[in-house]
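Heads up, the next two complexes both have chain A, just with different partners, chain B and then chain C.
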Partner chain A sequence: MRVLRLVGVTWWLQLKMRSRSSFDGILSIVYPLFFATMIFFMYGQHGDQEALVAASVGAACMGVWSAVSTTASTTLQGERRQGTLELLVASPTSFPLTVVPATISMGTIGLWSLVVTLLWGRFAFGISISFAQPVVFVVAAVVLAFSLGLVGFLEAVASVRYRAAWAIGSLLEFPVWLICGFLVPLDALPDWVRPIAYLLPPTWGVAAVRDAALGGNAWPDIALCLVSGAAYAGIGWLLARRLVDSARMRATLALT
Partner chain B sequence: MRTSLRIFFIGGMASYRALFHWLTPWILIPTFVVAPMFELLFFAFVGKDAGVGDNTFYLMGNGISSAAIPCLFAMGNTIANERYTGTLGLLLTSPARRLPLFLGRALPVILNGFCVSVVALGLGALLLHVSIPAGDWLPILAVTAVASFSCTGLGLVAAAIGLRVRETATLSNIVLGVLLVFTGVNVAVNVLPQWMQSVAQVLPMTHGIEAARELAAGRSLEDVAPLVRDEILIGLVFVAIGFAMLVWFEHDSRHHATLETA
Partner chain C sequence: MPVIEVEELRRTYSSRTGLRRSAKKDVEAVRGISFEVERGELFGLLGPNGAGKTTTIKMLITLLLPTSGRARVLGFDVVADAREVRRRIGYVFGGDKGLYERLSGLDNLRYFAELYGVAPKEQGPRISELLELVGLAGRERERVEGYSRGMRQRLHIARGLLHRPEVLFLDEPSIGIDPVGARELRETVAALVSTGTTVLLTTHYMFEADQLCDRIAVIAGGSIVAEGTPAQLKERVADGHVVEIEVYGDAGERIDAVRAIAGVTGVAVEEGATSQLLVVRTSAAAQVTPAVLGTLDGVRLGRVATREPTLEDAYIELVRDV
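What follows is the complex of A and B.
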């Protein structure tokens, strides 16, 4: 119960802070709209409404990853810059439990981006989605945001020793958009890419959201998205403990 | 005159090295080489899926526009990082002439943007199997240099706004987004609504990208001369606007003592 309260309060606090940040909050919602706009123009050229609707769902999901990828990699750098990283590590609460809510809050901002992109498609481009299973769609979108938050946790922990961590985050944005089937079907990619895509939660999350919106059985993909996200969280958890132990022993937490 | 030249060349280079924190392989390669490559691949695959454009179209659009990353962000840093390091006040109280001071900072940025574009075009052509005759590359590179110049002009405007707005990274990202949508990087300008086409005509990159596509299609440099001329003119206009804004905002911040409150 104490853990749930800690995660809930930290998530809410982080969400409020990030929502007020022009970079983490506003830009995370506005920036994906530029890409969505290009994508709507591209798919709209042949007047194929079915393709345009599918692209609209994919473009909306892109914002979720966009909100997580860059900011997650800079989370611990930000704590270091503010001088609070040592406090987090030294607190009696498990260190990963203080980081996970932060990265899940990024996924939550990604949900705003998803909604805004769908509205942008609806009102600026006239893309009408009938949402075959609205409740499942909401579940799939929340699971996608949650799982990407867990991926962001691993990313945040993995980049704690890397001063230029933000560069990793920026670097990951397009590859994940490309190979996880946000827009381009996996069949259209080279064969060797598919096994990599299957290991990434966004692949299952985006498939689930698309199935829920366009009609299809989304539950297996939702389950796989959750399981793969949990696996990333598990790896992140182990890595965080290992890195914190190492930083304590060598006094390298501050990277100075 | 000699002092102005020193400020322009040596001061510009020193400022670039000091303020542009990306000059480490750990940032430079992911940001300037790998990320533009994946952006290019992403849109080339999306274009194929959507059934619009060919690989050359996306190579030229994304290759040329990759210069915008350093051109916008490095110029924005010329003000933002001076503030961050606490030297903005010292810089603006120095007796140095403002023209060489600010334009000198733009020169390394233009070179940086040009290099990023050249790498993106070269690697992109290899990855996407785009074959362009060797003789056509030289004019394409000339157009790339012009586009880098004009985009740096827009970066100078963004830098000037940095005297008033603290969030220059957010601003530069939004300007970059506008360029990507409006200038025909991935969507041909003639497909855009009329009002967007009109806006595109006064933005950097639009004419440069169009010229590069024409050259890749086998046209000569003489054929695209009007496009190159327009790109240069737009660049000059943005440089003039950016410089005027810098001077005005500096004056205004002295008058209202608001240099550090932005």
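What follows is the complex of A and C.
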């Protein structure tokens, strides 16, 4: 019970913090919109309505990944800079429990981007999505945000030990868009890419959201997205203690 | 049983320079220090910048792993039983950092109350009580980014006390706050000690250490060079006097001449806005004032005074040659 409360309170406070900068807020919505707009133009040229709708759902999911991947790796660097990283480690709470809610809050912010991108597609480009299973769509979107938050947790944990690890996020943002089927169906990708894609929760999350929107069976993909996200969280959990101890050994918890 | 036990504690920082011909550089920040702090005691660690004070505190609060040696807090080993130590201690450091700027003071306290496992029902009353204690009641809903440095420092203190720690580590808590704030801080710390909280304090301010600490360890170059009550430390230089001479001109040129006078045990120059203060420590029997004034012939002088040594004099004497 205490853990649930802790996760809930931390998630809420982190969300509050991240929502308070109007600049950051606008950026997290506008930035993915630029990419989505390009996608809408590209697919619109072909006149393939089905592909355009599928791509617009994928484009909407891009913002969720962007919100997590770029901020997850910088979040602990930010904590380090403001002197709170040491306080988190010095508290009796297990360190992963302080980081997981923070990265899930990033996924939550990404959901705003998803909604805004869908609205942008609808009203600026006339892309109409019928949402065959609206409830399943909401569940799939929430699971996508949650699982990507867990991937972000693994990313964030790496930056505890390595001060320069914040750059990982920018490195991962575009490749994941490309190989996880956000814009291009997995079948269209080279064979060697697919096994990598299957190991990444965004692949299953995007497939689930797309299936829910377009009338497919989303539940297997929702389950796989959750399971793969949990696996990333598990790896992060195991690494966290080792990396925190390494940071305590090498004195990298503070900037000084 | 002592609340804090430190035995031969060492900490070496290693860094690497260069890419092709990588060279490892080791800096020994703490060199085998030992001390004990009893329950309810206010123990001060005094030392110049880079002496090893913060490194020592960070090892005791489990943020740094010692290179060798052993430390126990409330009977728990800081390496093997880190979580047990963390549950029972509070940590407050000075300066602007360590708070979530975009959150209110109240949200900062709520968050750390969760992290320290303060029971939900107890959180509200405890936070209100602490806001009253540190004088932030009524300002708690404002964002921290709008707080003054003094308010931030008071919020730090409240944060450190949320879970009623048995031992409180204060790392230069009064740095950068105004004299009124510093006095209030000293009163808060003294009140905590009177209720049985054990406090380990590091500070640069001799007056603060003199007024607050039951015992002091002077640390310099990573080693403890003296330990005792403030009175015992002052006794180390009590067999002499201090002559202070206000100088309008460059007193630095005359230091060697002053130092050569028989009976002079130490000379320092403190820079002022319009003048310099030449501080001359002398042995008890020596009457050096005329000779010192003689070396300053031709220099415009102001106030000349003789006084008893303070803790600061003892401190300077102790760390001077390290």
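Throughout what follows, the second predicted complex is superposed on the first by the 246 of 256 C-alpha atoms of A that agree within 3 Å, B and C clash if a C-alpha of one lies under 4 Å from a C-alpha of the other, contacts with A are read in each partner's own complex, and residues count from 1 in each chain.
As a convention for this text, a contact is a pair of C-beta atoms (placed from the backbone, for glycine too) under 8 Å apart; a residue touches a chain by one contact, two chains touch by 3 or more.
Keep in mind the model is a prediction, meaning the values are calculated, not measured.
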item	value
Contacts of A:39 with chain B and chain C, given as first, second, both or neither	first
Which superposed partner A:5 touches (first chain B, second chain C, both, neither)	second
Chain B versus chain C as contact partner of A:84, first or second or both or neither	second
First, second, both or neither for A:27, with chain B first and chain C second	first
Chain B versus chain C as contact partner of A:13, first or second or both or neither	second
Partner chain in contact with A:51 - chain B first, chain C second, else both or neither	first
Contacts of A:171 with chain B and chain C, given as first, second, both or neither	first
Overlap of chain C and chain B interfaces on chain A (superposed complexes)	none
For the chain B and chain A complex, residues of the former touching the latter	24, 26-27, 30-31, 34-35, 38-39, 41-43, 45-53, 167, 169-170, 173-174, 177-178, 180-181, 185-187, 191-192
Chain C - residues contacting chain A, complex	13-14, 58, 61-65, 83, 86-87, 91, 93, 95, 97-103, 107, 110-112, 114-117, 120, 143, 159
Chain C contact footprint on chain A (complex, rising order)	2, 5-6, 9-10, 13, 16-17, 20-21, 82-84, 86-93, 98, 245, 248-251, 253-254
In the complex, chain A residues that touch chain B	22-23, 26-27, 30-31, 33-35, 37-39, 41-43, 45-46, 51, 55, 162-164, 167-168, 170-171, 173-175, 177-178, 183-185, 188-189
